[in-house]
């Protein structure tokens, strides 16, 4: 796909120039956003069709995700994402097949080998930290990664991402304080969609902007509009550069919208009004970015159609591939509790190597 | 579940029996306690308008309003810590932790604070509160929506731990927990919420804390269980009954304080004891039960005190093949019974 | 002691008038400060004499403690203090005897019956929440107390106090957020002495003033000089009134100095320079407040001498009393695990009611 | 402690033996590992200039500087969480928790994160880190400076738990822990820091994780212990030896993974097993040991698997009269041995 090649096209519209990128970059960003959306929509279809029991979605967050993490250097910087980070993971190197394997929880799923729920991405080679469910813990992992980078004198920046509800957890306070004291190469991204499941922002957070908390750590706090992909890009890039200059962490809050229920287990109409939902749809980053690129003459109908075709094929391929992959062998479930196998950690009796087959004490 | 065997003697013959699901019984218990006593409040994530992610508190916000049903921020240590304070100042909070797996951020508040407040103040302060949390696997919840956490808390003097196995008990025990003057952790197996139904009287009743229940009398093997494992043990008992093995099933109901009498009398009668628990085997709650039986019923034992429990891996894996491998079920329990019976 | 009677003397110097108090109030405050210091000094003497194995001190913090909590209404408002809160507890109703019983850990110690280490004060009747050791937990208890006050419509304000090092704990973040959302009647006092044991402020906290964190919760953050007792009083009173008006929490940071080692187990010369220690001694609130009251003509030498005599007698009495009280009966150690006694919670075999005396299973 | 009985066979005859206190051996172990491997860093509260509140890290900041010996803020969850991240990015952090009692704010990071990282990522990520913490009572530390916390963590698959009882083992096991690719909790009984001395070779050696040690061979009763209780058990064994009771004392050293072989062989030989632990009895680590013995050595048992442990109260109380009541000691252990021996 030449149109999406990040280096192939040196054309630079005023829009691209305004953020120091080329048109090809903008197209590549748009493609990532649209691809993330398409994978996400497919997840819901598969869920409704009974193919995958659980979906947790990034729809509405993709603009912020692609923009904010676009400047990261693949396989060099680090991301500790969260369950909505589909576009982030895609932008940072995971393939549609890899993302779809996580939805199907197949044995070859690189995130967890089918051990974790969908949405719990991870990829060691791409420096994507394994997502767990208890929220906010990952901020400390990213801070520790940044600490190691500093001590080992590696040119790496670590990024942690979570929702605004999660940012109220104690770990966030402890992490920002430590990262700021040591001016660690760390960026904290909060994707504020106004809800923690059903709890609206005003019952979750005592301030309008999570970014207001940055001042309490002596670090910059930046608010960006998550539908403004290029503003997100600029904010992410600036924070990255600041971190690389040794000036310490930045907190970036992106205002986004959650276009779906919290997950496939949630009925958001129970707690959100029709107006609220409509307002959310008006902040869908995908059509906004598409229109922006079209207005700027960067995205032609032809390119858009070609991208759509490519995405369609990619999603189809990823789905077919993941669907066809085998489930994990149940007897691998004992693997990787520790780096080595300890004979004294005995599998259960229904396991081939369980106590039924190993000699157990007594003359039973 | 075999309702005929669930030991409803206390209420037999009452006319106002209704069939309720497990979660309805819990919801009713909370609602009735809140109507009875203004000091009872509810707090937790999504417990308000949404009614909880499992709908355990559905309708309560509508009935009791913002002051008594509080949607908290996503901060478990705060939920428990503020409940402790509120309990010290005249309220009886029922805190919901959305999944038992997410109780860990509040571990310090529970273990260092709630459990020790009365002791460290020499009875100057007490903490009458209930912490409800759905636990357990078999629902495609993976590592972080399936955990059994009772062993962490049954080890802590000052805490009480309750795990009901029937709608009747869930409601009656929850009421006792709310009225109790000490912190009670109340764990509910989430797989039972809608799949388990049972008779629940409409009127006022409680089930006392600290008393086990013999769910099925038997002569040859005692199976000790709680929560969902009681239902699986009963099913396993039916299976092996056909083979002539007569199993007694004890439902502990309150894990701490433990009803030693019921436990030990049963094992002294049968001479064989199998402890079934879903949590990881090593250092799980069942280890304490086994140790007590091994020490205090030694002379009566006709076979090794045995355990059948969850494998020692860090969590319940997600893929159904892996999850099925992890979970206990009636077949696995029946196998363990057979092995012990044949000893 | 008429000179210390809070209501007896209506004389009002300009100094007293500047904060809306009478001269008698100022004298009473001074007396509390001096008494706290005298008890504290006695503790160290007893420690060096081998009478009490552990001391943790409030020396240097007393000005802030007396000032900030002076406006609290006894047995109505609540305080969740910390291990340096000797002057706070004294100001809020505990007697020298009660404080000394805690140092000796005698059976009649109202804080814990001798169960806790010295410094772990508590008093239900005075609404002083039992102090534990893990730092910062008490902030959530105070917030919960404030929540209950609000729900129960009681006219009560809850105060939590801790050091600046402790304020970095996650619980503080979660507490301030919740208290601010619900505009609870809550005041958070940080006594910033520049050290967490040996760790200096710049390695503990990423900002100069802990009060800078208040803005991140949308609440006022106030910095006061802990040697300026009347400024502390005014700040505490304002926060209390704000809370009572339903306007929510306030964070007050008092800059204080730690005149002693962290505790009797610590040698602060290992990590503090002589200059630093001298600078600390120059910020001792006791002589500063004494001089201020003398300059204002409120404290005469005669009054000061009378107070000194009274304090001397009180400390002597408290020491003698506590020393003479019996240790707790070891067999009470099983009491109050729960509100009731559970027969199944079996005492150990060396306890009179242990398993040796209760019939245990088997024909042993 | 009787050095002649501590089983230093592996190093017998080496010339460069030095007598070191328990805490010196730990300090030496850290220093030598840090010299050997740049990836090893230290972090915790007061570990820098002050050298730790017990002086375990005294001198290390001077030798290794700010980058490798980090005085952290007073935030335990951060200490553990950042160590996890640092371990994922090429370091081998040794995190000090000032007192084991204060590990609870980090419980979530340890149980949900450190323990599960390798498993949940299907071996994609590992967390090679050591968490050191002083535990245990008998030092006038009261409820919050005396706690034994091992039972909370030995229950968690994915964590390893080590509790040494001699300077030799402390150093050798700490080195193995630092080199291990998984998270190891390393608990040190604070009462032993300066009161226990023993021979430690100057050169390079390690003691492998996962292996128990018979500290004293005997034929009649097996006493299983770890940490300070090993020393008390040895003293108790001496006392009852005069009465003709021949006791074998097993020092578990690594609590998880457990050395089942050494444990079970011993009990199969003696037929009697007493588990001694300082922590609260109910649901303590010793319950698992008792349960394993009761199940896997049943046919060899000549008496009930017995436990002698800390009372079930929420913490070690402060006043010496109360603390003495709480603490195990050689006399109490000897009484329990006599009772079991007489069975």
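The letters A, B, C and D name the chains in turn, as written, and every chain counts its residues from 1.
Convention: a residue touches a chain if its C-beta (ideal position, glycine included) is under 8 Å from a C-beta of that chain, and two chains touch if they have at least 3 such contacts.
Only a predicted model underlies this, so the values are computations on that prediction, with no experimental measurement involved.
> Tally the contacting C-beta pairs at the A-B interface and at the B-C interface, and name the larger one.
Of A-B and B-C, it is B-C that has more C-beta pairs in contact.
> Any idea how many Å lie between the Cα centroids of chain A and chain B?
Centre-to-centre distance between chain A and chain B: 36 Å.
> When the centre of a chain is set as the mean of its C-alpha atoms, what distance in Å lies between chain A and chain C?
Once rounded, the distance between the two centres reads 46 Å.
> Indicate the whole-number Å distance between the mean C-alpha point of chain B and the mean C-alpha point of chain C.
Taking the mean C-alpha position of each chain, the two centres sit 40 Å apart.
> Chain B to chain D: how many Å between their CA centres?
Comparing mean C-alpha positions, chain D is 32 Å from chain B.
> Provide the list of chain A residues touching at least two other chains, using ranges where the numbers run on.
112, 115-116, 120, 132-134, 168-171, 174, 177-178, 181, 203-205, 337, 345, 362, 364
> Return the residues of chain B touching two or more other chains; collapse runs of consecutive numbers into ranges.
Residue numbers touching two or more other chains: 72-73, 75, 77, 101, 104-105, 108, 112, 116, 119-120, 143-144, 157-158, 258, 282, 295-296, 298-299, 304, 312-315.
> May I ask you to sort the chain touch graph into line, ring, star, complete or other?
complete
> Enumerate the contact residues on chain A facing chain B in the complex.
Going through chain A, the ones touching chain B are 53-54, 105-107, 112, 114-117, 120, 132-135, 165-166, 168-171, 196-199, 203-205, 265-266, 270-271, 327-334, 337, 345-351, 362, 364.
> Would you mind writing out the residues of chain C in touch with chain B in their complex?
Against chain B, the touching part of chain C is residues 78, 80, 109-113, 115-116, 120, 122-124, 129-130, 132-134, 137, 139-149, 151-152, 154, 156, 158, 170-171, 174-175, 177-178, 181, 335-340, 342, 344-345, 360-364.
> For the complex, which residues does chain B have touching chain A?
Against chain A, the touching part of chain B is residues 45-46, 48-51, 53, 71-75, 77, 101-102, 104-105, 140-145, 281-282, 304, 308-315, 317-322, 324-326, 332, 335-336, 343.
> Quick one: which bits of chain C touch chain A in the complex? Just the residue numbers, please.
Contact set of chain C toward chain A: 168-174, 176-178, 180-181, 202-207, 212-219.
> What part of chain D is in contact with chain B in the complex they form?
By the definition above, chain D touches chain B via 101, 104-105, 107-108, 111-112, 115-116, 119-120, 143-144, 151-152, 154-158, 256, 258, 280, 282-288, 290-291, 293-296, 298-299, 301, 303-307, 312-315.
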